[in-house]
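Following this line, the structures themselves.
Both complexes below contain subunit A, partnered by subunit B and then by subunit C.
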Partner chain A sequence: MSTALKPPNVVHRRGKDTIKSWPLADRMAYYACWAVGIGLCFIAGTLILFMLSKGLKYVSLDLIFSNPAVGADQSQTGGFLAPILGTFILTLVGTLIALPLGVGTAIWIVEYGRPTRLARAVESGIEVVAGTPSIVLGIFGLLLFSNGIFAFMSFTALGGAVVGRSFLTAGAMMSLIALPLIFTTTREALQQVPAQVREASYALGKTKWSTIRKVLIPTARPGILTGTALGMGRIAGDTAIVVILLGATLQLEKVGSAPIVSTLRGTGSTLTSYVYNNSPAGEGNAPQKAYAAAFVLLILVLVLNFGIDLIARRSKKETV
Partner chain B sequence: MNESAAARSERRAERSLGALSSLVLVLIAAMCTFVLLKAWPSFSHNGPMWFGWGGNVDDQLTAIFNSPANPAKWDYTIRTWPILYATALVTIISVGIGIVVSTLAAVFIVEFAPDSAKRVVSPVIRLLAAVPSVIYGLIGILVLVPFVGNHLISEGRKNAVTFVVQLSGASLGVAVVILTIMITPIMVAIIADAFRAVPNGWKEGAIALGANRWRVMWTVVVRSARPAIIAAAVIAAARAIGEGIMLAMVSGSVGFAPNPMDGITFVFEPMRPYAATIVDNAEGLSVKPFGQTIYAMAAVLLFASLMLSLGGNLAKRPLRKYGVRL
Partner chain C sequence: MSSSTPLPPIRRINTDNAPTVVDPRNDNLAAADAIAAAVAPGASDRPERMRIEDLSIAYGTKPAVRNVTLPVREGEVLALIGPSGCGKTTLLRSLNRLTELTATAVATGSITLYGENIHELEATDLRRRVSMVFQQPNPFPMSIFDNVAYAIREQASRKPNKSTLLPLVREALEDAGLWDEVGDNLDHPALRLSGGQQQRLCIARALASKPEVLLMDEPCSALDPKSTEIIEELITRLREKVAIVIVTHNLQQAHRVGDHVAFMYLGELVEYGAVEQVFNSPRAERTQNYVGGVFG
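Coming up: the complex of A and B.
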């Protein structure tokens, strides 16, 4: 029997909450989080690098600056100048329609919002539009614009039926894809304008409408720009509406003789439909051209994305 | 006099903005009416069996496409079960995987990632969300599908089912993998926002009680952000249901219902959801009965997305408490 007293149970003071001291299940969850985070980065990196390598291999100035043509093999089918132009025209048309709609709706919701029920219905309505698949929007657009009253937007076929396929009709439906994004970011930006700013403007004798025009819209401009850039990215990247509503014709088919209107009323294709049609899923089956066009499209989307980051960073600098 | 003119123009501004905003409601009403009216003959000829099973749906579509010219003899018979099943299958599986992956990724971004990693991961995930679906489809059809078809599916497996369905590599598995990659970034963005909105005091309280960082995230943050996770899942499901182009490219485009009883072969079986069916058959829309059948599929998609929007709205309601707006 030893006389030495047993030391009292030593309480191990945990200095720091280190991963090693966690139970096994928690540690596994911790590593799973890391794995998922790194995995997503890895997927994105692989995707970009893969598209970059394929793109740089197949893209050439010849392809970018020549129009698609009908040909027996890949050396004769030309490039994709018309689809690039198509993407720009369509994005422009869609954004021009969506911008006033989205900004106007956001202003009405935030600044007026009466009657409340209607405002709430409009907000949910925009959510519904955001959730509607673009393929459904496209197929609905075809139905809508084939009506006689919309003949001015596209053209009338030989039998007298309105075709309903043109840059204008596709752009109108594309605007619905961009609308929710522009609306949400504008609404957010307007809500972040402090009430004092509005009150100061009223105190100076400005009316509500001129406050909106001269104070609120300039303040919310970074938000509006972000939403527009996001919307443009979505429009440029959408394929379903193009396949159904733009006709996905090889070249820009003009209708009539008026210089700009003729293109807008005519059909065409975009980079997305060009990629789709040249992949094994479409008729062309020219993977190299599909890769090259997809590369150009990806660069376009990345530039837009970069622009959004730039806007966000700059507006942060201004406010802080 | 001057005052009242100003007031009148103010009122006019409000009215016209209100009218502009209400356009969206008119549009939704028009969309539902137009599509439903156009789709009605297909539904009324088949009744509830429109969603039922029987026969080969691709043969039925061909028969409808080749209907005789006489409207009285138009063929409408269709049983879209394989398509409905494929839509549900691909959506549920990829959203299910997406929930787990995106929750873990959001925990990583909000809590575990060191600042330097945070600065990389968030833009990268946003980039994944920005990549157009046709590029995902292109990589799927040119890289993943041939790889699966040549290396993962053995000859024996192909021969075993060759009388039922051809296994080319375009399959449920590839579709689910790509779709998951497409919807995860959307979910991560929403869930991470909600995680950040959880009050710091709650987390500190849990830490004070001796919970480690993972336990804090799991028991406090993830739990209180559950509505956001559901909302994210709903939004992702809407995206997945409506994804036509990518799925038309990689799903194999066969009106076949993959059978889970087939074991591993199940993953390699082709299929085709509603949205992809519409994309594949867009050229036949001018053939009347065929167009009506395709519009009926669009009506189903429209209904599903309406329901999802409604569900998402309900799911998001509890979030308003924390001042989180999605």
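Coming up: the complex of A and C.
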């Protein structure tokens, strides 16, 4: 390069974008973000530490693997095996109902979206459900499932009235809690699939349905799984519907003798209702057991979330 | 730069000498007879696979393609050129009825495949016989094998199974010049391939159903020069197997790979002829201006 073209006085400076060089407002915003972040971590950490210390103090294998004692004073005898099973059963029933409904509705809205007005109405309807307090869903469910035609979902009491309380009826209402979450995440995942991927499939002579099954659902799977995990967490953590629709029997009370169905038509309890019943607010007045059960519930939900996250990430890794 | 030679001055476009707008009626009139003769059914020795006859397509009230007649002949590459928005992509997409996916698109005229009206065929069958490669490489988020096999498998089923499909998948990948690079890693996710490899995978996928016509919509515009060169060689090699219609913005590319060239402008077919004729002695003034770089 000729000397004439050389720019004069080139000083090589290091990058100078340090926080100190920022304007005051930027610096304040930066520190405020840090403060909020650390504050939230602190609260979450304290919560978990508190649960750990209280929970670990009272929890024992004996409690986890023994059933609540029938009729006896809860503070003296019995564990919470039945409520743990109840949480699993209820979560499973609710998810199994919500998953196909949520995914199916999302597919219909995103991929078909016709008739347009009905699609808009359904979307608003799901938003309304998402905003409904679960105790409202619970009381509405009791009203609905006490009708004679729903007798098959629960059982008929001696007087001939349908009880309307069972794992099936509670699960049906619980599915409404998980449905909006599954619907929203699936819809967003489908909307993120580029239009050209759909077009590529149609251009290979594939029908819309094959495209949905073979390309769109697999692509949206991480999103669907995330929504499902969120929904399961909400079901496992809900108390109002359990108290109203599952009944307050601590044991799993079967109805009839058919395997599985007898449990599903029967009543029981979950960890949330167990915690409620044993807390000072409830009847059992055994706060130690409430702490232990709450601890187990927390661990279950955390494991569920991490597990699903892992599966979602792995299924993403396989394709991308 | 070691030399001190001054940079050439920036050439200013002299708007005073810019060509006056060509009146399309006069322009077409001059070339119409010659072009009509060139697109006529018996104009070439090569048999016709597809024929577009007096095709017009509009999106709502906005016309995109106007009264286009074109033959797609066996063993050759037809290059569609023209400025953006001239309707060449719409024309291409109408050949396997992808325009039908746009709700507002209305078409008149006829398109035939071996004399059969394509609108009387099942769209799914037609698209296996007239397959397409897009501008952006768009492999599915699945393995390399499944991407190619997806095109052959019955709709949503897993049948036929993997071992039956392997020879067909291998043949398609070999045709697309990708087998040597991915043959050992058929289970790898397709999205981890490079852009050029992804596009060749899309070509393999389009070839897997053994189509009679291959449509390519600017297949190299998202690729680097090296990948472009590989794909152009591929096009030249494939024309013996399958009739190719390629849309391109790149005039050099049209010149390199095309056997016949169709120049479209504002939805009309302005010029059609053998590649040397269109580039060296265009009949219409607008073609002259376009290939000469006056506009476009």
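As a convention for this text, the second predicted complex is superposed on the first by the 262 of 320 C-alpha atoms of A that agree within 3 Å, B and C clash if a C-alpha of one lies under 4 Å from a C-alpha of the other, contacts with A are read in each partner's own complex, and residues count from 1 in each chain.
Throughout what follows, a contact is a pair of C-beta atoms (placed from the backbone, for glycine too) under 8 Å apart; a residue touches a chain by one contact, two chains touch by 3 or more.
All figures in this text were calculated on a predicted structure; none of them were measured in a lab.
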First, second, both or neither for A:L225, with subunit B first and subunit C second: neither
Touched partner set for A:N305, first subunit B, second subunit C, both or neither: first
Partner contacting more residues of subunit A (subunit B vs subunit C): B
Partner chain(s) touched by A:W209 [first = subunit B, second = subunit C, both, neither]: both
Subunit B versus subunit C as contact partner of A:V197, first or second or both or neither: second
Partner chain(s) touched by A:I89 [first = subunit B, second = subunit C, both, neither]: neither
First, second, both or neither for A:M51, with subunit B first and subunit C second: first
First, second, both or neither for A:A292, with subunit B first and subunit C second: neither
Touched partner set for A:A236, first subunit B, second subunit C, both or neither: first
Residues of subunit A contacting subunit B in one complex and subunit C in the other: 207, 209
Touch list for subunit A against partner subunit B, complex: 17, 21-22, 26, 29-30, 32-34, 36-37, 40-41, 43-45, 47-48, 50-51, 100-101, 104-105, 107-109, 112, 114, 118-119, 121-122, 124-137, 139-140, 142-144, 176, 179, 188, 207-209, 233, 236-240, 243-244, 272, 275-276, 279-281, 287, 290-291, 294, 297-298, 301-302, 304-305, 309
Residues of subunit C touching subunit A in the complex: 1-2, 4, 96, 98, 101, 123-128, 131-132, 134, 136, 138-142, 150-151, 155-156, 189, 191-192, 202, 205-206, 209
Subunit C-touching residues of subunit A, taken from the complex the two chains share: 1-2, 4-5, 194, 196-197, 199-207, 209-210, 213-215, 218-219, 318-320
Residue ranges of subunit B touching subunit A (in the complex, touch as defined): 6, 9-10, 13-14, 17-18, 20-25, 27-28, 30-31, 34-35, 38, 101, 104-105, 107-109, 111-113, 117, 120-121, 123-128, 130-135, 137-139, 141-143, 181, 184-185, 188, 212-215, 218, 235, 238, 241-245, 248-249, 253, 275, 278-279, 282, 285, 294-295, 298, 301-302, 305-306, 308-309, 312-313, 325
